[in-house]
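Right, I'll just put the structure down here and ask away after.
Letters A, B, C and D mark the chains as written, and numbering starts fresh at 1 in each.
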Amino acid sequence: MIFSHIPVLQVIVPLVAAPLCVIFPFRKFCWTVALAATLTSLWIALTLLITVYAHGPITYELGGWAAPWGIGYRIDILSAYMTVLVSLISSVILVFSPRSIGAEISNARAHLFYTLYLLNLTGLLGIAVTGDAFNLFVFLEISSLSSYALIAMGQDRRALTAAFQYLIMGTIGATFYIIAVGLMYAMTGTLNIADLAQRLPEVMETRTILVALAFLIVGIGLKIALFPFHGWLPNAYTYAPSVVSAFLAATATKVAVYILLRILFSVFGPDAVAAMPIAQPLMILALFAMTIGSAVAIFQDDAKRLLAYSSIAQIGYIILGISFLSVTGLTGGILHLFNHALMKSALFLSLGAVFYRIGSVQISDMAGLGRRMPWTMAAFVVGGMSLVGTPLTVGFISKWYLIRAALESGWWPIAVLVLASSLLAMIYIWRVVEIAYFRGHPEAGADIKEAPLSMLVPIWFLTGANIYFGINTGDTITAARAAATMLLGGPQ
Amino acid sequence: MSDLSELDKHWLVRKATIKKLWILGLLMLALTVVAELRVHMHGEFGLDELFAFNAWYGLGTCAIMVVGAKILGYVLKRPDTYYEGDDHDH
Amino acid sequence: MIIDAFPPGLVLVFGAFLLPLLPGPVRAAAILLLPLTTLALIISLPDGNLVAIPFLDYELNPLRSDKLGRLFGIIFSIMAFAGGLFALKQERVAELSAAFLYAGSAIGVAFAGDLVTVFIFWEMMAIGSGIVIWSAATPASFRASMRYTLVHFAGGVVLMFGIAMTIVDTGSIAFEPMRVGSIGTWLILAGFLVNAGAPPLSAWLPDAYPEASFSGSVFLSAFTTKTAVYVLLRGFPGTEILIYIGVFMIFYGIIYALLENDMRRILAYSIINQVGFMVTGIGIGTELALNGAAAHAFAHIIYKALLLMSAGSVMYMTGKRKCTDLGGLFQSMPLTATCGIVGALAISAFPLTSGFVTKSMIAQAAVDQHMLYVWYALAAASAGVFLHAGIKFPWFVFFQKDSGLRPDDPPWNMRWAMILFAGLCIGIGVHPAPLYALLPFEIDYVPYTGPHVVAMLQLLLFSGLAFFLMLPLMKRTLTLSLDFDWFYRKLGTVAALAVTDKISRIRNRAEASGRRLLDTTIAAATRPVKPRGALARNWETGSMVLAVTVALGLFALLFF
Amino acid sequence: MEFWTEIGLPAFALPGLLNYWVAIILMMIGFYTVMAHENLIKKVIGLNIFQAAVFVLYISMAKVDGGTAPILGDDIEVYSNPLPHVLILTAIVVGIATTALGLALIVRIRDAYGTIEEEEIRAAEQEAGT
């Protein structure tokens, strides 16, 4: 029965759809195929989430091979949460994409964009559902390679160097990851995450495993773009096509954080993590990321670059939440993972609409846009408020949890830092708002029109989600807390 | 102002009226003090039991406040264009 | 989720978004009807927690109805009505929308049963009031609104942090009386005090309010500081430090108002002075004192709005705002002058006005608690109020010299708004019983006793004498006075201005070297994050790889 | 092994660890190349060497003392672990894909900038920027 194969279909559907776009290189067709595939993925992901909620984790053996030999997929609440997040965001972005792609990517390459996009989606979903450490690497590389190519599709020639730099750094990160997996395999003889978790405690003290852990943290840190491994990110997000920036910012780094969570808590286990000096260095890096990312963002002239640095800061928040190693902290981190995806996709997409209309995202070129493109800029403002953490937006919810976690752990200076860097966020968002609303001659740019409806609808869908989940907090918090409890060894 | 003859002025600001107003005002002041002879003022803290306490206390503190403000003004006053021109870029 | 009644504040909040969409005449009707609907809703509210919404792990109670909340709700909605009437002809709809958002949020705070709701409405107020200032649409108002918003967001952050700490401490989000002690409660107090205009962060008030439009400052005078009074009443009754803060605010307001030349800045400083009375009352904390603070807030909203309406009318008709440019206006604006004088008498607490029946409760509470110095200070301050607001404002605007200006009284809506509030000032003063019935505690206070009336008349009339005797000392000059906002407006950016000061040269030198130090520090601190700085420029691949290698080594070392 | 004892060095289990040393040295070489060379192609080569080191590492782990290649046969009792070999086949594919993509990018970078030296690209950018 097909229903029992749903876990693998999650990956197969976009994977099969991808080559279709190469074979039939027609723009409209490719878009339809891609949209159908992502929507199917979304449906599958939601089904999985509901099933996991009702019946607990799902395991699936690929080709019927049992876990230690074959590749096993395992979907628990966190994986289901991630698949929903990734497929939801990618669907919305695809709805947005046709006009933006039409403007930013030449007709001859449009079908390749959809191919790469689907491959990327495959990789990201695969990472979320797989229960095998090596298989995870394969999916990681599928998503990474396609994202290098996606970034290189940017119009600016700097997109090429950015993609190349990302390629080098990403490959090093991924290679670090397999080195670590290899070392763990050498010590335990298994690649299955569940088995690893069982066998690791015996060999935890060996140097091999300790080195493996170092490789893991640095390798995944590169993928997450955690400070100071973030060097590749600003250029990549700045020069990639708008749609790609939105997609990567919202999903790629989030999935990398997912890997970190998996490795730390599902493989090594919360006790081992607590016993090792892992959380403290991560926390310090997170604090640096928060403050430095936001501070650099303030001085940027390119709005996309500003958002890129802001992403580095926001990743800091997520990692900070994780580094508390408490249910509240982890809940905050996981919530922010979801919430940041919502805000950043909304923000990047509104910049995409701006670029579509004025051909630039330099802040100075946005003067008077508040009048010319009221809906787009209003979405940007709401997204920005969410980023700052204004009440009634999702940003408030996750910051609330982070602050609470800090206070519960007795580290109130960290709570102060969280708030202080929110103020920095206010400053950089304000810079855009000020220019868009308060600068520029009223007559300037009278010919600029509001973005088309096909762009506004997805933008406002995400913006609405920012507000909706900021007010109706029940569902996201329940899911995030369930995931956090599970990671910390609570009942699954 | 001075080229306006007294009769062109509003009746309230004519010199004669002002003079009458002063007299009326001073009469009222006297009246409030005299009233204290009829109304029993029960003080709470000692000092305020003195005769016409509120009158001289009001006069005195006001004088002190005006003079104090004047002195502070030497330090704090700036031309009212002080902030103009240099805070345009915040 | 339980909803037993509709939160009255939301009528105005939703109305705010509706206003720009309505055509002219319908909008005018809505401006008048929305506050009245709100008022009716508030009066009809039964006591108790009427709405419960699950949020995060808690339950929000955005509609806690009791006497204290209702008192503030009533005056806020009356104020919204009168303000709306006064601003009926305001062309900028944005200002009215923002003002309604602002008023609705203030009512929201008044009925907030938990700290999170307080915070949410608190921030909405900051946004609403910021837009009110901004919509005066002058460069100065734009800059002032920026500074205003920044101060309030900073205050909001402090408040938020305090709330978070308190919730983690106590495990409850209920908004109940607190005792200062933990860092959390101190921060909440600080956040509240920023909005009350307490020192040192008080300068935002005279900085921003006078920059609003003629009608904008009427709204502004009512809500922010009075919601702060409300939350202090609710959260920190009897907190001793508030007495000292309040007394400081009283005299700070008087002194600065005496120095001021701009008529609306005079009134702005006098807001701080009046709020000082209320804060002192809250600090004293007896039932009489708290009743006094609440009643005084009620009365203050009315007469201060009245004063700002008359100032606004003058500005609307003449376009001038400085005492040095005004004078003699009573001849052609008799109604405005009369209403202004009524407001001035009320603020000075003349017998038969609202100020008399409310402020005296606070002084009486100080007597009852045998607080000698507080009482002396309050008595001196009462005299000072008459001096700086009671006489100074009407004298310099409506009398003084003849400026030659002969403007008419303002349009009908502005006149009626003033008449309404002037009537309320006198009505409450003559017949205080209805107001006393609304107060949070039972009361058997009699304001009109022989000694009290005589004492007050003596005090006020003799300070009036002092005013006219010392008039030469108070000649208006084209100046402003430095306040705490100098630190964020001037320090670090101050140009070598030619200053009237005798010690300017020394000061300039000190300023220059201080500035240089500050500039280099700031430059050194921000250099790494500026575009070409180490942290912000594009890293070479090689150095990134090197960083990765080093990090790997460090982690490996750490784990061994 | 006798050679080492003859020349007076301790008989650390060289044959057992030799592969690992090779892996580490390759890794270092690869890393150094990525770091030190401005030429983008050389960087890709460095990356390749780095990945090759990982291949060696995996294959070495799979070795079982005295075992033969993992082929099913009647007379084969002891054989190396086949799984890492399979894994590395996958990893090689990934490596090739990476290299191909990297080289493709370099081709386009050369089209865009006329050079593949990182320093010159940077200079070109700065010129365009000012």
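FYI, a residue touches a chain if its C-beta (ideal position, glycine included) is under 8 Å from a C-beta of that chain, and two chains touch if they have at least 3 such contacts.
Being a predicted model, the structure only gives us computed values, none of them experimental.
Enquirer: Which chain pair shows the largest tally of C-beta contacts?
Expert: B-C
Enquirer: Centre to centre, by mean C-alpha position, how many angstrom separate chain A and chain C?
Expert: So the centre of chain A lies 43 Å away from the centre of chain C.
Enquirer: Once you find the CA centre of chain C and the CA centre of chain D, what distance in Å lies between them?
Expert: 69
Enquirer: Taking each chain's centre as the mean position of its Cα atoms, how many Å separate chain B from chain C?
Expert: 26
Enquirer: For chain B and chain D, let me know how many angstrom lie between their CA-based centres, rounded off.
Expert: From the centre of chain B to the centre of chain D is 91 Å.
Enquirer: Can you tell me which residues of chain D touch two or more of the remaining chains?
Expert: In chain D, residues 34, 43 touch at least two other chains, as defined above.
Enquirer: Residue numbers in chain C touching 2 or more other chains?
Expert: 538, 541, 545
Enquirer: Can you pull out the residues of chain B that are in contact with at least two other chains?
Expert: Residues of chain B never touch two or more of the other chains.
Enquirer: Just spell out which pairs of chains touch, all of them.
Expert: Going through each pair of chains, those in contact are A-C, A-D, B-C, C-D.
Enquirer: Contact residues on chain B for chain C in the complex?
Expert: By the definition above, chain B touches chain C via 1, 4, 9-10, 12-13, 25, 28-29, 32-33, 35-36, 39-42, 44-45, 52-59, 61-63, 65-70, 72-73, 75-80, 82-83, 86-88, 90.
Enquirer: List the residues on chain D that touch chain C in their complex, please.
Expert: Those in contact with chain C are residues 31, 34-38, 43, 118, 122.
Enquirer: Using the touch definition from the top, list the residues of chain A that touch chain D in their complex.
Expert: 134, 137-138, 141, 145, 148-149, 152, 157-158, 160-161, 163-164, 167-168, 171-172, 174-175, 178-179, 182, 185-186, 191
Enquirer: What residues of chain C sit close enough to touch chain D in their complex?
Expert: 538, 540-542, 545-546, 549
Enquirer: List the residues on chain A that touch chain C in their complex, please.
Expert: Going through chain A, the ones touching chain C are 164-165, 168-169, 172, 176, 207, 210-211, 213-215, 217-218, 221-222, 228-229, 231-232, 234-235, 276-277, 281, 292, 295-296, 298-301, 309, 390-392, 397, 400, 403-404, 407-408, 412, 415-416, 419, 422-423, 426, 438, 473-474, 477.
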